[in-house]
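In what follows, structures are represented as structure tokens.
In what comes next, subunit A is part of two complexes: it sits with subunit B in the first one and with subunit C in the second one.
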Partner chain A sequence: MTATAVRETEPAQRQPAAPAAQSSPLARGRKRLFWPFIAPALVLYVVFYILPTLATAWISLNKWAGAGPMEFAGLDNYRRLLLDPVFQGSFANTLTILFAVGGATFALSFLLTMILRDMAGRKAVRAIIFFPNIISGIVLSILWGFLFQAEGVVNQALRAFGMDDPPNWLGTENLFSVIMIGLVWVQTGFFTTILMAAVDRIPKDLYEVCDLEGANAWQRFRHVTLPLMWDVVGVCAVLWSISAIKIFEFIYAFAGAAGQLPPTKVWNTALYAYAEAFASGVPKYGSAAATGMVMLALVGVLVVLLRRLFRRDTVQF
Partner chain B sequence: MAMTRKFPGPSKLLGSPFAWLFALFSVAVAVWMLLTSLKSTRAIFAEPWSLPTTPQWDNYARAWTASDFAGATLNTVILVFGTAVATIALSAPAAYALSRILTRWNSGITAFFALGLGIPSQVIILPLYVMMNELYLVDSLTGLWILYVATSMPFTVFFLTGFFGSLPKELEEAAALDGASANRTFWQIMLPLARSGIITAMILNIIQHWGETLFGLVFLQSEEKATLSLALLGFLQRMQYNGADWGGLFAGVCTVVLPVLACYIWLGRRIIEGMTLGSVK
Partner chain C sequence: MNGFLPRRQVLRTVAAVTVAGALGLGAAACGGGSAGETSNELVYWSMWKAGEPQAKVLESAIASFTKETGVKVKVEWKGRDVSKQLAPTLNTRNVPADLVDSADRFVKSTFVATGQGLDLSPVYDMEIPGETGKKVGDVIDPKYREYATSEGKAWLVPYEVLAEQIWYDGNALKDVAAAPPKTWDDFVSLLDRRKSARGDGPLALDADIADYSAFWTYHAILRDLGPGAFGAAATDATGAKFDDPAFVTAVQKIEQLVKGGYFVKGYDGSKFPAVQQKWAGGGADFLLLGTFAPSETKPSAKEGFAYRSFPFPEGAKGEQTQEISLIGFAIPAKARNAEAAKRFVAYFMNKERLSKIASETDNITPRADIEVPAVLADVKKTLDTARTHPALDGVKMDHTDWYTKVFQPVNTELITGKVSAADFVAKLKSTSVDFWKLNG
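For the complex of A and B:
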């Protein structure tokens, strides 16, 4: 706030309309608009976002079918989640997506960033690999699943290379791996784009110094690139955590092969929450709400941890 | 000097082809999607990579009439544009106030909006369902529109606050000196000045809702109200009873993807920067 205040006082010396001139009628006229301008968005946000979040926290402490009386259950829903093997599997899958898919995506993004740093056609490559990000998860899932069909393109290619008995990719034992690889394919372009923008800000002469000193590629990355883009990497990690926990459509649409919902082995917590409330016989709002709260807690813990991990003085350059 | 030469050597030799392969893979998937949408189911499996011998426009006809992708497209277009317009109308004034009218509430409220970015939809969807059910707004496109607008608030307000903050103050001050009221300054000076940011926010909003699935799945039930992603899911479901119609399915997939692709070719740079630039600055 102080930084803003300092910036605000500077034009105030020239012009009375600046907000710092508290007493001027103009400033007061502007102040009167503050709440009318903000209120519609704020009310909508509170009614449809904040209050529902609080309501979910309350529902998670009750046994409720969505209608009729609520029955207070304390932490029973959470206890039941802990004991439910399907939830355990879903939670493990969410963590696997977070760390394994995240790790692979970040490694690949770093690699592509370094390759694209001074490559001809970098803008074209960037534009292409970014594109899957703006396509609906359902569509990506259908395309991805179709590539891995028993008679699909992937297996035909494998047969062409001499593998007579290619794996059944969409069987329960392989499906989650197929989903994870697909997620890496979709997400890499997004993070590569952000990292590229961060790398582009690093002055070229730092790399010239590296060359003069005889640093190899890894040393350049470790001692120049990484420290100078550390804060952006932190932002990426937060963005990834939030979006990874929300992943739903890409997994959901794999149901197309098997019925209403995909096999429980590939569920993550987002699917579990949906299934408990909307796709099981009697809606179990209590445990769906508890699952939602677990997801929210996971987001909260990760954001706090990541901010701590990445908090340090940004190198000025 | 030997070291300097050594670095670009192997990394360029292996690096660029790898990057191009990665990109070409996505292009190949897109091309193959288009080809598949014009083939008969038999040809799709028999010769996945060949050009369709006779383009099966019938696939599109089937998808558009029998599975009513036409109706779904109309629903989605109305819903998505309605959402974008209402979202901007509500969030632009808020973002302007948050970035330009300084009170002691600004940073608190901005952070409060940003909080919403971290709340997964699965957390809010149950109470929303109960609430919309009470209001008879389940299975209603109006209800879904309200939800889309409301859930767009955190990101759009956050995005536009940053954008308004980056605009020069001089014009606004000049307008104030000329005696324009703050209200008029906003509508006549700031809004036109912020046009590019507002357009970017609208495009991002449209792209985000074009393929939205979770809310549609939960809040819409009847087939004639389906949005595009629900039409796709419905098609997948019916294929289990009526036999595989992959050509028709891919015609539906293309109906969803091609408008986005056209938009991306036209406005790609703006979309990429809108979605990523905030993270670097």
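For the complex of A and C:
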């Protein structure tokens, strides 16, 4: 088992070779080919990603109803966001989803990965827990709503077990918790599948050594599994952070109905942005765009932090 | 490698392609003819989905319109989000629809507030094809025209009128059918009787739909303080209007319903449409809902269910009023075929064609001479006699943001018994003042 810091060493190796490469005919040819190859992708990227992002940033500095004149407002949209208690609640919910749902999802995924590693029929089980990811989030959330309503399957089952007064799952006091449980349920299969693929790469003899040394399950996880899948966990954490901040349809379809938005108590920033643009009467695209920029900044900060946190020498095996 | 382009040429080509693409997009956006020209075609974006009863009625009118006038109508059944889809295009010169139909509040927020809607007053002056001497304005009840007019400009030509009433099964509750409750006290004593008869709350409410919960509160406020009172309080930046003792007294009526257990069990923890279906199946007695209640609940109604309704009982004001909302046509200001769109609107207002909205979709039309469906006969009776005003006192239409962010959260707390009437008013006042400080 050797550890190499690939990222640090590579640029150092490349630099001295650069002057020599410039003079080589192959390098010159490559250089000529650079733009023809890059240009189509670059044009598409600029037109469909960079320009819309810049446009969103510009709109966020204006008061605009989507139609009619645009009125420059400076940072007023951002100021109003900071002071709007509904935005504050939505932002707090986004962070709660990010950390609480993320924490629970990863804990469960690790646990399932450990359990499934040695289990018979693991492929079938993996397919089953991955299932919620294949089905549309809208369908799942609607189904989830019917399971948990006052006379739904869950409460009927609880009554059958003798609970006379089962919880009011969809009541305002519990709604967000049920949404979080639903999100964990939907996400766990996805991350378990990725983590299991990472675990499958780990040579079996390492676990045999653990058995010979008398390591318990936790020690196996802590000293073998986790270090050898660390890079994959890092990728999963980034994937989760990005998707968590953008979660929309599960909350919208689960807690809203008949074309109406869910109660503001369960909004996250994505729902807030939607509401500002499409459900606040005269559309407030400026405010919606500002919310989008806040979400983008949050994603940016998280990705940088996560990459720092997970930056470690890649373990080669 | 001799075939490769020199670097400069490549860069120039890339730049040229990008600029050409951008110009192409711009040219496409700027294309199109000018409004006001007569034309033989029009594009119609509808709020209905293909196959819905209203879509079928409109489709047959479109077919005969094309046959009689030669004007081709390209219709797109967009569904309820039609205004949201159209809004981003209104600023361009290439507005893709010449005619839309939608609920009043969406038309108002998309067209009126942004100045992107055509003044439809000339449509009201158009003669209705097939009805010699009759203009659109002659057949539409003036109160609906007034409702759909702002600052002298008509922004909607309605073809469907919705109204909220309290629905019940006339066969099961014959005594109510014979003498519906008029006052709040009558209503509460009826509820008391029904509550002890069924051992559960007689009122059905899908409280997860914030509007449905709001129906109860704002009705109580308007019946005590009169139409306009809720709207006035909503926009009072000082919050002083909430201090009116009559305001809290009105809200106490709703507190009484909640604390007294008059709402059916599970109303605060169900998923729409569970409770209204339960009501249609006989699991509750009364449902406060719009005129769409019969068509929405028919599939789950028990056998022999006779749809009857009465207006929300009178309060301290002592006046019976009726809340309404409208669905109708609007034309974008930059529509390329606005004249053709106007012709279609006038054509559809013909009695024979519009009457299908009543006979085939079970709805009320804005024409007084069109018979209403039997299930809506009670509503029509109220509409003919009572003063009408916008649903939710116009607050959802004109101050949606306040309604969503300030009123709905605290109203849900009231309806689900988390706060008292006094706390509700205090909370509404403080959050309202904060809201207007930020958004005023």
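Some points to look at:
Please note the rule applied: the second predicted complex is superposed on the first by the 267 of 317 C-alpha atoms of A that agree within 3 Å, B and C clash if a C-alpha of one lies under 4 Å from a C-alpha of the other, contacts with A are read in each partner's own complex, and residues count from 1 in each chain.
Rule of thumb we're sticking to: contacts are C-beta pairs under 8 Å (C-beta built on N, C-alpha and C of every residue); 3 or more make two chains touch, one makes a residue touch a chain.
Only a predicted model underlies this, so the values are computations on that prediction, with no experimental measurement involved.
In the overlay built on the shared chain, the residue A:I128 is in contact with subunit B alone; subunit C does not reach it. In the superposed model, A:G300 makes contact with subunit B only, not with subunit C. Within the superposed three-chain model, A:V47 lies in touch with subunit B and with subunit C [touch as defined at top]. By the touch criterion defined above, A:D84 reaches subunit C but does not reach subunit B.
For subunit A, the partner touching the most residues, choosing from subunit B and subunit C, is B. In the superposition on chain A, A:A160 makes contact with neither subunit B nor subunit C.
Using the contact criterion defined above for the overlaid structures, shared-chain residue A:A65 touches subunit C, although it does not reach subunit B. In the superposition on chain A, contact of A:L261 is made with subunit C only, not with subunit B. Once chain A of one complex is fitted onto chain A of the other, the partner contacts of A:E151 extend to both subunit B and subunit C.
When the shared chain is aligned, subunit C comes close enough to touch A:N168, but subunit B does not. The interface of subunit A with subunit B overlaps its interface with subunit C at residues 29, 31-33, 36, 47, 66, 146, 151-152, 255, 259, 278.
By the touch rule above, subunit C contacts subunit A in their complex via residues 1, 4-7, 10-11, 14, 17-18, 21, 80-81, 84, 87-91, 105, 109-110, 113-116, 206, 208-211, 265-274, 396-401, 404-405, 408-409, 412-413, 416, 418, 431, 434, 438-439.
Partner subunit C is touched in their complex by these residues of subunit A: 25, 29, 31-33, 35-36, 39, 43, 46-47, 65-68, 80, 83-86, 145-146, 148-152, 168-173, 255, 257-261, 263-265, 275, 278-284.
Across the complex, subunit B meets subunit A through its residues 3-4, 6-7, 11-12, 15-16, 18-20, 22-23, 25-27, 29-30, 32-33, 45, 48-49, 90-91, 93-94, 96-98, 100-103, 105, 107, 109, 113, 116-131, 146-147, 149-151, 153-154, 157, 169, 173, 176-177, 181-183, 186, 207, 210-214, 217-218, 228-229, 232-233, 236-237, 239-240, 246, 249, 253, 256-257, 260-261, 264, 268, 271-272, 275-277, 279-280. Interface of subunit A with subunit B (complex): residues 1, 4, 8, 11, 15, 17-19, 26, 29-34, 36-38, 40-42, 44-45, 47-53, 55-56, 59, 66, 111-112, 114-116, 119-121, 124-139, 142-143, 146-147, 151-153, 156, 185, 188-190, 193-194, 197-198, 201, 211-212, 214, 216-217, 220, 232, 235-236, 239, 242, 245-246, 248-249, 252-253, 255-256, 259, 269-270, 273-274, 277-278, 285, 288-289, 291-293, 295-296, 299-300, 303.
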